[in-house]
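Here chain A shows up in two complexes: once beside chain B, once beside chain C.
Moving on to the complex of A and B:
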């Protein structure tokens, strides 16, 4: 059964000529083409292959020079304290005054063309987080001896087309590097990759303001982010 | 986009050698095979005259050999003068630099090729005393004190060491190492010379290593207040790692790669920059050492498509 790999036209939808042609050619390639048993060894040279015929590598660097990620500078920008509220000796970053705990998309990229097959993601970067309150008196109610762990970490996960492919608890040191690698089979068509993070939420005893300057305290940040996506067709 | 026109074989038809040869000729034209007219799983490695993705790869030793965190190890100390920030090239305990030397057979990156570099290293950051509590140390802020009285100054604990990647694309003499694209040297001057460091946007090939972990063990933190400045918890030996990727926009020849340490650094923010700018600045008032054992520097050259 031939599947639609380029454009799945629905009832009452208009179909442009190019959409039909691309699908038709893809279908002809699958139906009328020679298969692996009919080709001799060493028959395919580089010159015979067009761009992205068998695979494609995307280097994703969300830097200012990339128009679609203007001003991200390789940093997560979903949560950024106002400049006026930022301590000069901290990053302008996520604070508990603004953070709504939950998985948050740091970066998103649409990969095309993608014929369908294996998609590998290699995501690397650095994190910073406030850990002074990682042990606090009331995190699990009154106890003896006083105090319980009040976990601090930055969870990380990768999604392909909205589905979680991998997830990790994430770094727990005040400054740390991380690397997330995952692979999955993905259907043909543009693939939307989301790189998400989740900082732990505020604990019962955390302080959130510098009493000296009345600035908000940085709680977590992702920066130096870079990712590589490798698509290999079936 | 190429187009291949050939009627499919109908059921009951006899496929002759001529038919097969004609079809094969269609597919063996220069630039004829694309992702649309290539049947799924049509080609395997045996059909290809070159490696499909990987062009070259190499693994080099970083630092010292051995699995145990015992001698030989290598150590260096923090920057004490902004005039000469510490730049420590990863080396063994005898002082011999451990780099990836490609000079005998340099890697030529064609346009579109992707250079991926990975590194890992076992590290042990250490210090004596409580340098983070020094009056001039960066990252201190005031919080209320349990029981009242003056506020207590504590640290945000964000001091760190940096390891960043350099390459030599000039000659096989390996005397022209420079940071890879997107990476700075932490030599930018801020605040009229009072600070030096780099913008976070120039850290695309940087791995940061926590200098220490300081927090309020026990009942120090209670209801938004602290009873002390907290204490350091030993991080011990741990692994650090990083990855860098570069897609060549022009032909580039790579003769060598190496990893360079610097520090100690601390986050900062330049409010005067537009639209905003996060920084990593040297803190010469915070002291410490970084000891490392060994690891690997791995590089691969891939076809981009």
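Moving on to the complex of A and C:
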């Protein structure tokens, strides 16, 4: 930060070391004390910055085709029914035969380098779920004994380093799209992000099997997901 | 003949009362203390805040006098330093980030008259509250701000806004609730007769139809039941403050026969809040009840259509006295104390102090005020000090103590009155210093642990100068403590002037005063490094082309500002510094003395002339002057000086403390003083006066 005159040397005045030093200290301090808040406009260009100097964006669209997500095209694969067990027109998805109710990681990734600062997540995708037993005629009380409704939804949440930063009730329609956006300050270091879902667990009168084909019925699925993570720091 | 000597080994400050103590001086003008020797030095002056000579006085060239200046620090080290100035009728931000040099007009303000107090600035967190008694108080957060060319009016609106809420929101505009008509044996149809200004948001209540019956939808669902639910709304500001609650709006609907089993989610249009609103808070009653309960926060100030479908409610709404319309729209002064913002009531409620909720500067309770004893006069200043809030008034000083909301006030003195809130500052080891009508005072002490407040006069040494003050314009006086100089600077209007034109400097290390003349200080504040920055007291009002205008700093440049020469700024002439000793009577004024020598104890300064003159017996005219001597060692080789020293041959020097003996010849006198005038760089440590006396005394007094 700038400093002002500490010593004004003029003709016929003593050649004095202390006074010279005082002004010199002030001048050098002004230069050494420059910080990024005082850079002249435009003096730092993008070409001078190393990669990820101020921000980094991770885009997963479709989800990275690594060993665990090969050809998944943005599908959740945590629960994936065997081909032989499902109806041919269904997703190979979550069935109540295999589902362990609770929060399930659909996708996770380690973001690096992350220098500490704001991390924004924008997660969007589609869901499909079996909700028809919820509003079946059987639920309206005309059967005996009356059936019980099972309100379905797919809860969604985002975790940074194991901490929940955003949680939504999630879609409750048979087919729906969603978008979850959240931001939080995150300390420096690799950030483990997890995108999780939770399907409604089985109800007493839910349909779980196609009795004719004896195939398992799909209950919930996430597909064509996209996620963007924006890390910003200064 | 060897005479007697009077030695003054360490110089004191000014003393204008008689007889004077020998270490004191009659006049010390335009001198400061050298930090190494504590000697009086002539290294004073002022220079432009922005030193680029090619900038002329830009961007201040068109500005007249600067009425107030405030420096906001948002990071240590000055990295985020924002300078706010008020000139004419505009509050400006001097934008210098990224080496910009631009004045950004933030808000229109009423220009203070000569007798008005210029704006008072108070920091709250990383914002500034500005009060002037004429306009509504505003709150500013000047950082971050885009480059000047990109600043839009919307950006300015985002950083400047009025403090407080000036009224409750409008009541929410309810949409009608169109209940569904159950047709026996048929399907569900919407009721006829409702236009588009209605909604039909229904939820079943039977457990066979919904997993959580009763959680969604409001009111009664049974046949022949009437629902009457009232809603109110409040604004939440970006400081977390909550506005007064709106009046209520009623949502009403009836469940007809054969129409039971459904609850409804009323819809409404919420009002949009003023600048600074970040959310709106919705309250409602239960069905046909009176007390309001929290429903929800709408976390924006954009969406108007709001549906409330969750039957549960939160805490009880605050009562109507918890937040009232802003009570001090003409506040003149402000302070932050115990996390509350304190404001005076302005000219209409001049003996009332209002305070905000803790941590919520925009929110004022209906009972959050204190009425002061009327005898103390109007509030002229507020200053948080130790565990107290000092209330300076036009006829006394009160002290406010306690914690929200139980503050109490007691009177410290009814004899000292402050008219200049911008002169108030805390000086280390001294207390709160301020300019009163009859001098400079310090308030120190406290009320905790048996301590007591005391008001002590600090300006005795310069009493004669303070009597020159233009009392009518005393509110124009400005003062700040300068850590870099370890001195309290006070600039006040004198000799009938309508703006500050005399500086008085209290040197902390000597506990003594000196004067500053020729410094055009209109308003003053402290920079991050302890330097004082000031706004010019005339600016473009002065005659001539390119008159000096804008921001300047007090520094050691030994130059009084500057002028535009050939489109460039060039530093001006050196200030005239004066040291005038006390009137010495050598112990007995009636004994006649022959002063033979004055020996200055000073630091060598080079080939610099000592402009020496001396006086006797309080006569205005000098007895003689002598400028033959220079500040070089009298009995050693001269030290090299700038302009003739040879690089590589001459060596850097340390200033030496030397006695320089100056002869005097004044026949005989009762009192004696000497004076040094200089525009050069000098350091005066002490002196001694050598005199002889043959014992003759003054003759008998004259008779008619």
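Assorted remarks:
Quick note on the criterion: the second predicted complex is superposed on the first by the 174 of 234 C-alpha atoms of A that agree within 3 Å, B and C clash if a C-alpha of one lies under 4 Å from a C-alpha of the other, contacts with A are read in each partner's own complex, and residues count from 1 in each chain.
As a working rule, a residue touches a chain if its C-beta (ideal position, glycine included) is under 8 Å from a C-beta of that chain, and two chains touch if they have at least 3 such contacts.
Being a predicted model, the structure only gives us computed values, none of them experimental.
When the two complexes are overlaid on their common chain A, residue A:35 makes contact with chain B and with chain C alike. Once chain A of one complex is fitted onto chain A of the other, the partner contacts of A:44 are limited to chain B, with no touch recorded for chain C. Judged by the touch definition given at the top, the superposed model places A:162 against neither chain B nor chain C.
In the superposed model, A:102 makes contact with neither chain B nor chain C.
Contacts of A:12 after superposition on the shared chain: chain C is touched, whereas chain B is not. Contacts of A:206 after superposition on the shared chain: chain B is touched, whereas chain C is not.
Once the two complexes are laid over each other on the shared chain, residue contacts for A:176 go to chain B alone; chain C is not touched.
Chain A has more of its residues touched by B than by the other of chain B and chain C. Under the contact criterion defined above, the residues of chain A that touch both chain B in one complex and chain C in the other are 6, 33, 35, 38-42, 146, 150. Interface residues of chain A facing chain B in the complex, by the touch rule stated above, are 6, 22, 25-26, 28-36, 38-57, 59, 61, 63-64, 71, 73-75, 80, 83-84, 86-93, 113, 115-116, 122, 124, 126, 128, 130-138, 145-147, 150, 173-177, 179, 204-208, 210-213, 215, 217-218, 221, 223-224, 226-228, 230, 232-234. Chain A meets chain C in the complex at residues 1-18, 20, 33, 35, 37-42, 139-141, 146, 148-151. Residue ranges on chain C touching chain A, taken from their complex, read 36, 43, 45, 47, 51, 75, 77-81, 97-100, 147, 206, 208-212, 528-529, 531, 553, 555-559, 604-608, 631, 639-643, 645, 650-655, 680-681. Taken together, the chain B residues at the contact with chain A in this complex read 1-4, 6-9, 20, 23-24, 27-44, 46-50, 52-53, 114, 116, 138-144, 151, 154-160, 182, 199-201, 203-204, 206-211, 213-226, 230, 235, 240-247, 266-269, 271, 275-278, 302-305.
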